[in-house]
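Naming follows writing order (A, B, C and D), and every chain is counted from residue 1.
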Amino acid sequence: MSATFEPNIVAFLCNWCSYAGADLAGTSRERYPANLQIIRVMCSGRVNPLYVMNALQQGADGVLVSGCHPGDCHYMEGNYYARRRLGMLKDLMEFIGVDPRRFHMSWVSASEGHKWKEVVEKTVEDAREAGPFEGFRRRQIDW
Amino acid sequence: MSAMLLKKEKWPEFVEKLAGKKLWAPGADGDAMRFAPVTEGETPALDFNNTRVPPKEALFPQTETMYRFQLGAEEMEEPQLEDETVLLGVRPCDARAMTIVEKLFRWDIDDPYYVKRRELVTVVGLACSDPGLNCFCTSVGGGPASTEGLDLLMVDLGDNYLLEALTEKGETLLESAGDLLEKADSDAVKEKEKLVLEAEKKIKREVKTEGVPEGLPGLWEDPLWQNVSASCLGCGTCTYLCPTCHCFDIQDETEGFESRRCRMWDSCMFGEYTLHTSGHNPRPTRRERTRNRISHKYSYYVDKFDVIACVGCGRCINLCPVNIDIVEILKKVEEAL
Amino acid sequence: MELEQLQKTAAEVADREDVKYVIGWKKGSYGYRVAPGFIEDAAGAAELIFSPLCTANLATYLTLVEKLPVPRGQEADDRKVAVMVKGCDSRAVAQLLVEKGIGREEVVVIGCPCPGVVDPELLAEKYPETEETVEIKWTEDGFLLVRGEEEIEISRDELLAEKCRLCRYPNPVISDVMLGEPVETRELVEDEGVAEIENRDVDERAAYWEEQFAKCVRCYSCRNVCPLCYCQDCILDRLNPTWVNRAVNFSENTAFNIARAFHLAGRCIECGECERVCPANIPLGRLNRKLAREVRDKYGFEPGVDPEAEPFQASFKPDDPEDFIL
Amino acid sequence: MKTNGNPYIPHTATVEETWFETYGERCIKTFKVVFDDQEVRENWSHQPGQCAMIGVLGAGESMISISCSPTEGKFLRFSVMRMGKVTQALHQLEPGDKMMVRGPYGNSFPVDEWQGKKILTIGGGIGQAPLRPIVEYVRANLDQYEGLTMIYGARTSGDLCFKGEFEEMESCSDLSCHLTIDVEEEDWSGNVGFVPQMLLDLNPSPENTIAITCGPPIMIRFVLENLKKLGFSDEQIYTTLENRMKCGIGKCGRCNAGGMYVCKDGPVFSYAVLKEIPEAFA
């Protein structure tokens, strides 16, 4: 299964760094897995933990949140808040039995096209190893 | 058919005879908390006090799909309700609650889901020999061996169960059990009567309902509502766990392109329940909501359907986190009248 | 603490011009029940008690009371509310002050040092409830159950609520009036309930919580009883957007429970009320305490201790741990 | 009528025409819809004052009053204010789109009882929507009624619904139409002031008259007060209520006002009934 399983990853990228970084990876012809559904947000601090929950509920096998490096936030400190919040969320999800390989966070700046490629590879590889997420997915409607 | 006896050791066999029907019994999921479908081959135990969640969920599931559809399409698919169901070990109060709620669901326009489920269900009751601390069924028209709403009543006589069929459905069930049963002699019937009397004596709590249905609307602005609701948390415990509470919400829920319209229990104790879109709320505080809960059970429902919508099961008293006690409230109502 | 002193103090406070009412504990309607009492004048103070059965966290009522628009021509009643608090409850008041959920001038805090309350469910299991109200007192090293003529000594370990076993703040951290002498504080002990789950592997944990969350009936009593869940417009009630569907099934229940626990990360003061009121007996306290422990260990923050502190989730340190970041 | 056997299952209808009555954040859009199924279309009958549950599959349903009179033709009209999840979805509908409709629900204005009487409608804001059918009904059957007076007000002239229809009414001798807005505006030549005050100023005689009012709760309260001042008896005053509704058929309990189910016992109540239900004015 794991050899052929292609995970669905939902990635929340900050508009100023990570999204630009992903763009750069594209223009520099970096090849990276195409399992990502990218959602652009203005800042990683904008990512409500419920977004992560909702992605998992609706069929994501893994979630990635990526923002600017600490100190580089376009809004001065948004990523610091994100770091606290999502760090807590990661602990909580692990505690309720979500494989820690399903949720990652990274700092990718606008100039780090190559790092972006590595982050994606790691995220996809981890989610692939963890397998399809069944956990608390919304299930098929039964009567 | 007269009363029959079933030896306790034959109870598993009796349950086996019901194979082919969907069985619901208390605590079947290893937790004495609620009624749940019995997995095949399992024999539900009947030594329990009443479940926390009433068996109303067998007829009125907490979340029920009304119909499903594909987003963008116009065809709606209804659920096929055709499984014959047997509810085992329903306490007489909960069975009475079903008849009370049924009046509303059959009022003028039949509610197709409830009515269909009610038709398909056979309710096997279990008389209470040891009523709970907060039971007051005898004050509101029920009793530890009340038969209303039941198809078959079981009474625990120690070594045997005494089985009395009360409706055709009940008799069919007894017939299917066939040779497991023996005819009950008059001693057994006498013993049952004695047990019921004893059980009735064990019920300590009571409410006086005389004059309450007519009098409640007159207490609209009475300070008692402020007093009893001051500590209310506004949670849904009392209403969700009430066997006669029947309010629901309807929502559309979509997963991908699969969508469904479903209904789920709702509680008049939530502020959102009556909130208008404009922001205006006809019941803005817990005072109005508590008043509505009590008035609906003890006055409005009596006006419309001629029966008090409370069966005295005591769940709302047992489980209220802040000890709001409906018996105490009714005492205060009586004083104020 | 002497009951007399408590009732006398409550009477004095209730009679103050600037106090609307005193929220305290009073005898419930039967058995072991204790109900919140709202005392408006000195006469009512005689009802108040303080015993190992006073589990309820009354700080909840500081934010629970609906604020309705004041009718034209009338003046808003801005008198203070007096509330009796145990150690854990006082942390809720402190945390509310941190978050500006209430103002210091709105509240009079009557502190009750607390040697630890009983677990009501455990109590009822071991010593079945009767219809008469029963008294329980604290003794040197346990509890004394007085049932009519009968007096039963019960050891502390037998009945102490889990939250109290872990409690490090038995004395109110904030108060205007303190009743009685402070009790002995205890050291931090390991949270066995949380550790037990942590020691399982991921799949076992998932199975455990699936079983727990599947039981949830979404009565929201855990949310409503929580002194720190006081949003006027809760995300769970919202339909537009609907973050958590209203259908009651395992998936939505998990989303709800995670949202609830997460919104209390760095805010939960471990009063254990959510766990006590849950009709489905979901061990919500474990979720909360797990997060509280992470917040304490990783970020060195403890909510509801310092009323001047910054709220945990609305602040940061540049050197917060980031070992989980790729 | 064809009900599919399941009263919760709506009929499909096609939106024929839409237009905006008012603009802004809480704009009001009117939909003219026709049932797809011919049998449903033929058998549908509603009375002035009734409501229908309309919605979009996947978004939900709302109880909306039918704002056309059965005398106008084999179609339905709904005027919907853009407020929440469902009404936002409804506002997305354009001609040709499908709308789900079930109903009609509730009681109606006792139009037969009222024959030979003068009708006075007093509306405010979107509250004119349930009154419009009675206005249209009386207009269509003018020979059966003594006359019609309409008082209608809104916050601004832009918030008045059905503006286009009032000019025509003013030209008819049996009808009188009085519009008012709350605050003065440049291009507004009509009356300025609140609806209850305008009612007092007009001073209609209560003799052989039925007064019907609908609008925001606060307006209804003052209108009722003033009608009493003018000498209207309780039995002469009618109003239509609304509450949050989910099922429409008296099951879900959401619309309870006291012991009344607004969706079945209402929405039309005479003041004689209503004054016994304190919750109706809460």
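Going forward, a contact is a pair of C-beta atoms (placed from the backbone, for glycine too) under 8 Å apart; a residue touches a chain by one contact, two chains touch by 3 or more.
On a predicted model such as this, the values are computed, not experimentally measured, just so you know.
J.: Of all the other chains, whose mean CA position lies farthest from chain C?
T.: Farthest from chain C by mean C-alpha position: D.
J.: Could you compare the number of C-beta pairs in contact for C-D with that for B-C and name the larger?
T.: Greater number of contacting C-beta pairs: B-C.
J.: CA centre of chain A versus CA centre of chain B: separation in Å?
T.: Those two chain centres are 47 Å apart.
J.: What whole-number Å value describes the gap between the mean CA coordinates of chain A and chain D?
T.: Measuring from centre to centre gives 51 Å for this pair.
J.: Round to the nearest whole Å and give the separation of the Cα centres of chain B and chain C.
T.: Once rounded, the distance between the two centres reads 32 Å.
J.: Counting only residues that touch at least 2 other chains, which ones in chain B make the list?
T.: 249, 251, 284
J.: Using the touch rule from the top of the page, what residues of chain A touch 2 or more other chains?
T.: Counting only residues that touch two or more other chains, chain A contributes 138.
J.: Provide the list of chain C residues touching at least two other chains, using ranges where the numbers run on.
T.: 239, 245, 249
J.: Would you pull the chain B residues touching chain C in the complex into a rising list?
T.: 31, 33, 52-53, 62-63, 133-134, 204-205, 227, 230-231, 233-237, 240-241, 249, 251, 253, 262, 264-265, 267, 270-272, 284-286, 317, 319, 321-325, 327-328
J.: What part of chain C is in contact with chain B in the complex they form?
T.: For this pair, the touching residues of chain C are 28-31, 33-38, 56, 60-61, 64, 66, 68, 129-131, 215, 217-221, 223-225, 237, 239, 245-249, 273, 276-277, 279-281.
J.: Given the complex with chain C, which residues does chain D contribute to the contact?
T.: 84-85, 88
J.: Which chain C residues qualify as touching chain D in the complex?
T.: So the residues of chain C touching chain D come out as 239-240, 242.
J.: Under the definition above, what is the set of chain C residues touching chain A in their complex?
T.: Chain C reaches chain A through residues 197-198, 202-210, 213, 235, 243-245, 249-252, 254-255, 258-259, 261-262, 265-266, 287, 290-291, 294-295, 298-299, 312-314, 316, 318, 320-322, 324-326.
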